[in-house]
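You will see subunit A twice below: alongside subunit B first, and alongside subunit C after that.
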Partner chain A sequence: MVTPTYIPLGTITLASTDSEIVFSSIPATYRDLILVFQGGNTGAAANIYQKLNSDATTSNYSSVQMTGTGSSTLSSSPSGGATWTVTFYGYLEQNLNANVIVQLQDYSATDKHKTYLSRSNSASNGLSAIAGRWANTAAVTSISWTVSSGEFRIGSTFSLFGVA
Partner chain B sequence: MQHIETVTVGSGGAASITFSAIPADYTDLVIKLSLRTTTADTGWNDIFLRPNSATTNLTARALYGTGSAAASFSVSDIRFYANGGGSTASTFANSAIYIPNYASSSAKSVSIDSVSENNSTTAIQAILAGLWNQTTAITSLEIVSSSGNLAEFSSASLYGVLAGSDGIVAVS
Partner chain C sequence: MLLLGVLQAQAAGGVAGSFDLLDEEILLSAQSSVTFSSLDTLAAGYQHLQIRAVAMTTANTRFYMRTNGVTSSSYSWHRLSGNGSGVSSEGNASQSAMRLMSNIWPASSSGAAIVIDILDPFETTKYTTVRALSGSTGSANEVGLFSGAYQNTAAISSVSFGLGNLGPGETNLLTGSRFSLYGIKAA
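Entry: the complex of A and B
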C-alpha cells in the first residue's frame, strides 16, 4: 500500500485581509513540515516574514538566499534578524499571483537547530531560493507569517502539511 | 499527496506527454519528470508546460546556473528542461513542478525546479516562476518538447495534494 505524504494539518483561505497568519498547536507527529502559500498583499510589493514559536530573538534567524529578477541575479546572507524572510524578489503584489513553498526539516527534534528551504515565485517580479537556520533546539509548535507592507489579500491561501 | 497518473514514453519517442481529464478533487498538483529528447544537442532542450493547451497568457522568470555562470531571464511561456539527445548516454534531466490551487478561479502560479545531468560537463540547474494568467480551472497539462521528440523512457508522474485540517493544528 502506498504511504500517503503531505498529510493536511491546517488550511485557510482569507475572507478578509489579515496582517498575520499563525499555525499553532503543531503536533510532533511528523518529520518535516511544508507550508504552501498562494496570494498577495494590499500594499506595495512585499516580503513575507516568518517566525517560529513566537521567537523574536535578534540573531536567532539567519539565511542564505539567491534570486533571479528576470534580468539579473543576486545573492546575500542576511543574519541577525528577529524573523526570516521567506521571499526575496518573489514579492507579493496586489493580486493573487505569487506562491511560496517552505519546507521545515526535523521541526520537532530537540537536539538540533532548525533549518528551512523556501522557494518564492512571482512571474512578474522574480523568484528566489532561500536556506535558513533558526538557532534554537526547541521543537517547532507554531509558525507565524506577516507581510512587510499592507496585509495579506482576500483570497490568499495558506496550507500546512506534515511529511512522515 | 496521491498518485494520479504516470506516463512513460515508449519506443520511438513522443512529441509530448499529456495529462487530461484532471479532476478538481485536489487543492494542488505536483508533477515529477525525468526527460530526455531525441535531438543531437549535447546540452539541454527547452520543454514547455501548457495548462489546458494554452500558448498565450503565459509568463515566467528564471534563475539558472550552468556550472560556470549564473543568469536570469523572463519569457512568455512556462518552460523547464530535458537532457538533449546528444548528452551523456542514459542521462535524463529531472524536474519538479508545483501548481497551487489549480482548480481555483484565480490565475495559476507555478513553481519549477529543473536540472539536467551530463556527467560533469555543462548542464543546467534552474528554478522558475511561472504564471498562467487565466481563471479557468486546469483540467489538462501538456508537456511539449521544443526540439525533437521526448526520448524513450522519459517519464512524468502527476500527483494531487489535498489541503485540510487534522483537527489539532489551529489556524488564525
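Entry: the complex of A and C
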C-alpha cells in the first residue's frame, strides 16, 4: 500500500504584519500534520503560541521544553496556560531568521490526546526542542498561532502539510 | 487575523512523490512489539526511511528499536534530553537495542510522540544510522534528541520497536499505539 504523502495543505506568506495566523477547516484525512514556519516578529524577542480548535481551557495544554542558548542549557514544563509555546529560546526577532517545525501526531484520532513535537531555531538566541500534549480527544480542525510581542513580520511564511 | 481554510480538494490532491507511506500498524490490542519486515521488497527503491509513531503505555518505561531481529551488542546510541528541570546527555555502545526515548510515562489516553529517521538503511558499505525526536508529558515529562547506529554493514530487512526499562518487549504497547513507515526517495 504505497501512498504518496507529505501533502501541502496551505501556505501563508505575509504581505503585511499580522498578530494571528489560523489554519482552519483542516480535514481529518491524514495521521499527522506538519507546520513549518520561517520568519520573525515586529516586537521584542518573542515566543510563538499555538492553540488548537480555539480551545482556551488552561488545563488542556502541557509541555516540556529544552534549550541550548550558546552558554547554558535549560529545561522547564510550563503549565496553566491556554496555549502551548512552540519556541523556547528559538525566539522570533526583528528579522526573518527564526524557523520552527511542529509535528502534530494523530491529530485526526478521536480516541487519544494529541501530542506534538517542535524544533525551533533562532540565529541570535538559541535552539529548542519541545514536546506537548493537548488533553482532548477531539479531532483537530484548526490551528492558530500568535506571537508574544508585536506581530508576525512581513515575509514570514507558514506552511501546513498533511502526512497520511 | 489571517485565516486560511484548508479545502478538502487540496487535501486530496496528492501526487506520486518522494515521500510515501509504505505500511502502518495501529494496535487493536496490547502487544510487546511492532515489526516492519521484508523491507528489501516493501521499501525497494527508497534511500531513507522514516517512522512516525505514537506509543501508548501506562508504565514508566523506555522506547527501543532493533534492526534485522538482532539482539546482540550491535547498537550504540546517544541522547540529549530535557525533563522539565534540567537537560542531560548520555551515550552507550555495545547495546542490545537502540534507545530512542528514555522516560515515557504519558497521561491516560495519551502517548509518546516519536519521529525516527533511518538513513541509508540499504547501503552495505556503512553502518546504518538513526536519529529521532521524541517526547511526552504526563506522570513524567521528557523531550529528547536521540542518535543511534546499528554497527553492521548489512542491509536492513526489518525494524522492530518495543518498550522496557532494560530492553524492548518488557512492557506492552497498548491499544491505540500507531506506527507508520515511510520511504524517502533519492533523486
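Throughout what follows, the second predicted complex is superposed on the first by the 161 of 164 C-alpha atoms of A that agree within 3 Å, B and C clash if a C-alpha of one lies under 4 Å from a C-alpha of the other, contacts with A are read in each partner's own complex, and residues count from 1 in each chain.
One rule holds in what follows: a residue touches a chain if its C-beta (ideal position, glycine included) is under 8 Å from a C-beta of that chain, and two chains touch if they have at least 3 such contacts.
Since the model is a prediction, treat every value here as computed from it, not as a measurement.
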- Message: Following the superposition defined at the top, how do subunit B and subunit C come out on subunit A, clash or fit?
- Response: clash
- Query: Is A:6 in contact with subunit B, with subunit C, with both, or with neither (first, second, both, neither)?
  - Reply: both
- Query: So, A:135: does it touch subunit B (first), subunit C (second), both, or neither?
  - Reply: second
- Task: Quick one: classify A:63 as touching subunit B (first), subunit C (second), both or neither.
- Result: second
- Task: Look at A:117 in the shared chain and tell me whether it touches subunit B only, subunit C only, both, or neither; answer first, second, both or neither.
- Result: second
- When the two structures are overlaid on chain A, which partner does A:160 contact: first (subunit B), second (subunit C), both, or neither? both
- Task: Answer with first, second, both or neither: which of subunit B and subunit C does A:127 touch in the superposed model?
- Result: first
- Message: According to the stated criteria, A:21 is in contact with first (subunit B), second (subunit C), both, or neither; which is it?
- Response: both
- Message: So in the superposed three-chain picture, is A:32 touching just subunit B, just subunit C, both, or none of them (first/second/both/neither)?
- Response: second
- Item | On subunit A, positions contacted by subunit B and by subunit C | 2, 4-10, 12, 21-27, 66-68, 73, 119, 129, 160, 162
- Query: Touching subunit A in the complex: which residues of subunit B?
  - Reply: 1-3, 27-28, 59-64, 70-74, 98, 100-101, 106-107, 109-111, 113, 127-131, 133, 161-166, 168-172
- subunit C partner, complex, touching residues on subunit A are 1-10, 12, 14, 18-27, 29-32, 62-68, 73-77, 103, 105-106, 109, 111-113, 115-117, 119, 129-133, 135, 137, 160, 162-164
- Residue set of subunit C touching subunit A in the complex reads 1-8, 10-17, 19-24, 52-54, 56, 80-87, 106-107, 109-113, 115, 133-138, 141-145, 176, 178, 180, 182-183
- Note on the structure: subunit A contacts subunit B in the complex at 2, 4-12, 21-27, 36-38, 66-73, 90, 95-99, 101, 119-129, 155, 157-162
